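So, here come the structures, one by one.
Below, chain A partners chain B and then partners chain C, in two separate complexes.
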Partner chain A sequence: MPPREGTYGLLAEFETPSDLVRAARQAREDGWRRLDCYSPYPLEEAAEAIGFHRNKVPLITLIGGLMGVAAMFLLETWISTLAYPVNIAGRPLYSWPAFIVPAYEWTILWAGLSAAFGMLALNGLPALYHPLFNAPNFRDGATTDKFFLCLEALDPKFDLIEARKYLEGLDPVSVVEVEY
Partner chain B sequence: MAHGTHAKTLPADLSAPAFVDAWQRRALIIGAVFSIIAVVLAFLGQAQDGLGWMHFLRAWLHGLMMTFGFAVGGLAVLMLQYCSGGKWGLLLRRPLEAMSRTLPLVFLYWIPLAFTQGKLFMWANHGIVDQDFSLGLITREQVEAIDHCIAWKHAMLNPTMFVVVSVLCFLIWGWYTWRLTSLGLKRDSDSPANTPWWIKKMENISGPGLVVYSLTMTAAAIYWVMSLDVTWYSSVYGLLYLVGQGYLVLAFSIIIAIRLAQGEPFKTILRQTEQHDLGKMTFAFVMLNIYLAFAQFLIIWSGNLPEEINWYLDRIHGHWGVIITLDFLFHWLIPFTLLLSRDIKRNKKRLVRVCQWMIFARAFDLFWLIEPNFKDAARNLHFSWGILEYAALPVAMIAFWFAFFCNRLKTRPLVQINDPHTAEILEPEHATA
Partner chain C sequence: MATSDLKPRSPEYERWVDPATGEFRVIEQGQTFKSVTDKITRIVLTPHTPLGWFGMFAVFGALATVLLVAVTWLFLVGVGIWAITQPVAWGFAIINFVWWIGIGHAGTLISAILLLFKQGWRNSINRFAEAMTIFAVVCAGMFPLIHVGRPWLGYWLFPYPNTMTVWPQFRSPLLWDVFAVSTYATISVVFWYIGMVPDFGTMRDRAKTRLAQYCYGLIALGWRGSVRHWMRYETASLLLAGLATPLVLSVHTVISFDFAVAVLPGWHTTIFPPYFVAGAIYSGFAMVLTLAIPLRRFYHLEALVTERHIDNMGKVMLATGFIVAYGYGMEAFMAWYSASHWEWFMFWNRVFGPMGWSYWVLITCNLAIPLTTLWSRKLRTNISFMFFISIVVNTGMWFERFVIVVTSLYRDFLPSSWGTYRATKWDYMTYVGTLGLFTTLFLLFVRFLPMIPMSEIRLMLPGAKIKPKAVAGSGD
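Moving on, here comes the complex of A and B:
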């Protein structure tokens, strides 16, 4: 893919999470769709404010867990009844209580791995480059104490002059243009 | 979701909302109705198989264990939140205090048990063994095993020790309840500057209190329930009841917090964050509960020793297998799968439904633990009017307990003021990490 050029978006900086949530909610209400919030810690309300939709990680985790439990339980059943039938203290070959613990462990293991890798697969991490880090205030503050709202240039409503005016109306600390 | 840039303020009146009176009235009516049903069932059962009043007593024990779970479990969670801190603790503090302050009623419920030991416990009255043998419910070998165990455990299992240990336990729980709840009020009337001292003080009482609780709890579970079967023993038994109490108390607290939030002051302080946190903690107890229950089963199943395995066989054979399967579905699978969902944990109405279900499931589990101890029911689940007592008498006892709980709830403000969490819980949800 050739390198993208031009404006990635406009980045507004806010001092407090409340300001960010208020601004994000306003922007969403005013019809902005290609926008994102950045904060040093997870902000449930900010995600809701920009219309965060559900992702498929829970489903992947569930499927992973079910696959784990089925795989281990069937493996143990196969080993104990067909592959190596051994009489242990006169118990039936299919002694399911003994299979529960490994099957449970595999449920957790597979669910955990599915959640971690499913999350990475769906969110595009690890990313080696992101244009927002071109903005010095983002670089310095996004992971410590600053809150950001970015209107992306891909939004059909985006116009450099109009968007800047709009963001400044939301009362931010600063608005900077971010290049690809 | 409510959102504001500024923190909310507590209403001036922090006392329980007026609808708690309505709860209390409704509970008293339910209690009265079910008491009548319980007495009718006892007469019907007596006429049917002569066990009507026996079942009444067994169901009484069931009701005692449920209300004991609410009261002393409430005390334990109260101590837990003083040690762990957290805004969920501030939210639940007064409801938990009210739960622990119902202990006198639980003691009243216990008194009939002290006088009817000879009807329930083989070690208190050898006539039960003789009768079961003459009815052909147990074999000669079983009688020998029982006699051996009664003689061996006599120093611990005798009517005097039963009363002494139980009363001692009640005194200890009573002391902790009195100490923690009276200091809780004193703390609010003190100057806010002393709050750090109070936090340490509460912590220092609660920490050792939790250890004492687990020991006394275990003693009570052994004396009141486990010793119904003199031949059996399990070292995880007390812990199983302990986790069961956590399960019960958290489910009940969530219901109370959400229902109280229909009015002030809980409307102001109940945030979705804490509701979600409580849901997660309840989920952990659902896991821990099945973990211990299954661990005990797996160990005894692996050992397959004649001294131990009979306890499970009594509870699996003769149609009890249906009950244990349902028990597994009711008290683990259903709450587990429902509480996995984040949406349910954050939805007031649905979370309340799950929690109500959990209280029922705990009662169902206790039924499975208690009834098969008696030789007429061991490996022989059969319908009788008497067995319906379990659905009548405990309901009445819990209803009366609940009415008393409402009464306790009304006696003090519902929010603790002198706590750093009070300011935090009034802030908008996104304000803290």
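Moving on, here comes the complex of A and C:
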């Protein structure tokens, strides 16, 4: 568990997405590792800049989909041949072509639910409290029109005074300290 | 409208084409992150609900009450209060089911398929088209449930271990329907909700009252816009879109199987799946227009839902309308070409029999009026005309389902079992009631949820572009 008191990090505010991406690249290049960017819409360049290239959502979705198709197809086969065999218009008990339709639907159902809930879980959401919400300018602009770079206190390089000096060198609108 | 139609540097050109990139504008110029956010959040966060909203709510809420009355009487007395009997054992319930679910399909098309095709213009209309999908599926799903006679045993449709040791029969298209529609409803709700999470974050941060902050905060799940979150979010959205696309095509296909798998003349045709899907999108876009046109006027959203949106939707309707026309043509051709006496009789009776009027209503509303007029850009950008067309197509598509269900059933193989179909007042009340329920839900949606996806609109604004020069020189 990270410490629950003291400083969470230093938050620099930027006016435009380009400024944020430039600053994030610079910080990553200068050896900062525990850092994150915040933007009111998806900003791929910023994610690339802080070295976040791949995520596991596709894998989770694939596994979910495969589980869905297997579960439904096996269920249909078991019901139709073993649990409740009924002669329907002389069709074979194992009428696999007819089983495809529900199995197909369940592939999509399970894959879709895995994508949505997998994404939330990887993001650590729901998390109704986060230290960043303590910063007034973050609450005011992060979901509207402002761009933020946060250097977290857990970074080995982090020192309150040095880090503040560093961030101010990146030409932000403001730098504020965020408490837990 | 094509770029070549416009003279460069005319005011009309400046309004529609971005001079910096030469690309078409989807949003009117002069909008910023803040102005867009203000415009959309103000509709919801204002303490003053417009009087017109209350008026609409009263009217459509009353209609929804009609549904409540009709369904209560149905539960007390049974499906005998409807006009269904032999030979027309499927009546309004199935017609309305297919009609409503078809309407829902345009929402998924806009939110999923157009996302995959990178059609940026969809962003403005995506959210409320999806809401339309969900409310349409709510109305649609109700019909088979109340049609089974004992809806409180509706859960028997699902495979679950029970003391009767009875299991569902997986070779029936009606059971396929259960899985198709329940999956469709679930995935649509998930896609819609996930799409709204970042906007709920915006609502939470901009809400002034404690209650609003609390409610939006809860459903925003603590969204804070970290770019790592955004990347996973984008991947999940793209995957959901990729999954919803085959889903939406399969849902109406499975519904058409309800008919096509039967051996009845008029139902037993292979053209049904594609023709049902195209018809669904046709009527769905008509419903999006029916909702969007009054909405943009009432809430002054003309800068976000522009003439270009209306124009594009008209084009989609023109294309799907022609697929539907091909379907009608092919049905007629196959009835003749099959050389089946029964098929040909059914077709002839459908067109010129005692209920032939319904076929001609369908041809007028679905083919004659829209497919001759939607060619013209002038008419496609004429807002009142498009509203008129949307109502016409919705009517036509309802009659299409009426024709398929009723005129295939009322005169079958034996003349001794011929009959007719005349809907009762309970049939009409149930149908009109679902229109009330649908609109009531939609009114609640526009009052309490952000009806235009802010985060997606921000992406399309000029301020969202990264200037390569500004970030170059320090990259890895």
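Operating definition for what follows: the second predicted complex is superposed on the first by the 174 of 180 C-alpha atoms of A that agree within 3 Å, B and C clash if a C-alpha of one lies under 4 Å from a C-alpha of the other, contacts with A are read in each partner's own complex, and residues count from 1 in each chain.
Going forward, a contact is a pair of C-beta atoms (placed from the backbone, for glycine too) under 8 Å apart; a residue touches a chain by one contact, two chains touch by 3 or more.
Keep in mind it's a predicted model, so treat the numbers as computed, not measured.
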Is A:L10 touching anything from chain B or chain C once the two structures are fitted on A? First, second, both or neither.
neither
Which partner does A:L43 contact after superposing on A: first (chain B), second (chain C), both, neither?
both
So, A:A98: does it touch chain B (first), chain C (second), both, or neither?
both
In the superposed model, which partner reaches more residues of chain A, chain B or chain C?
C
Between chain B and chain C, whom does A:A83 touch in the aligned arrangement: first, second, both, or neither?
second
First (chain B), second (chain C), both or neither touched by A:V69
neither
Touching A:Q26, do we find chain B (first), chain C (second), both, or neither?
second
Let me check the overlay on chain A: which residues of chain A are in contact with chain B and also with chain C?
16-19, 21-22, 25, 40-46, 58, 91, 98, 101
Can you list the chain A residues touching chain B in their complex?
16-19, 21-22, 25, 40-46, 48, 58, 89, 91, 97-98, 100-101
Hey, which residues of chain C end up touching chain A in the complex?
32-34, 37, 159, 165-173, 175-176, 179-180, 183, 186-187, 190-191, 194, 197-198, 201-202, 204-206, 217-218, 221-236, 239-240, 243-244, 246-247, 250, 254, 257, 454-456, 458-459, 463-467, 470-471, 474-476
Of all residues in chain A, which touch chain C in the complex?
16-19, 21-22, 25-26, 28-29, 36-47, 49-50, 52, 55, 57-58, 61, 72, 75-76, 79-80, 83-84, 86, 88, 91, 95, 98-99, 101-102, 104-106, 108-109, 111-113, 115-116, 118-120, 122-123, 125-130, 132-133, 138-140, 142-145
Enumerate the contact residues on chain B facing chain A in the complex.
1, 3-5, 294, 297-298, 301-302, 304, 342, 428-431, 433
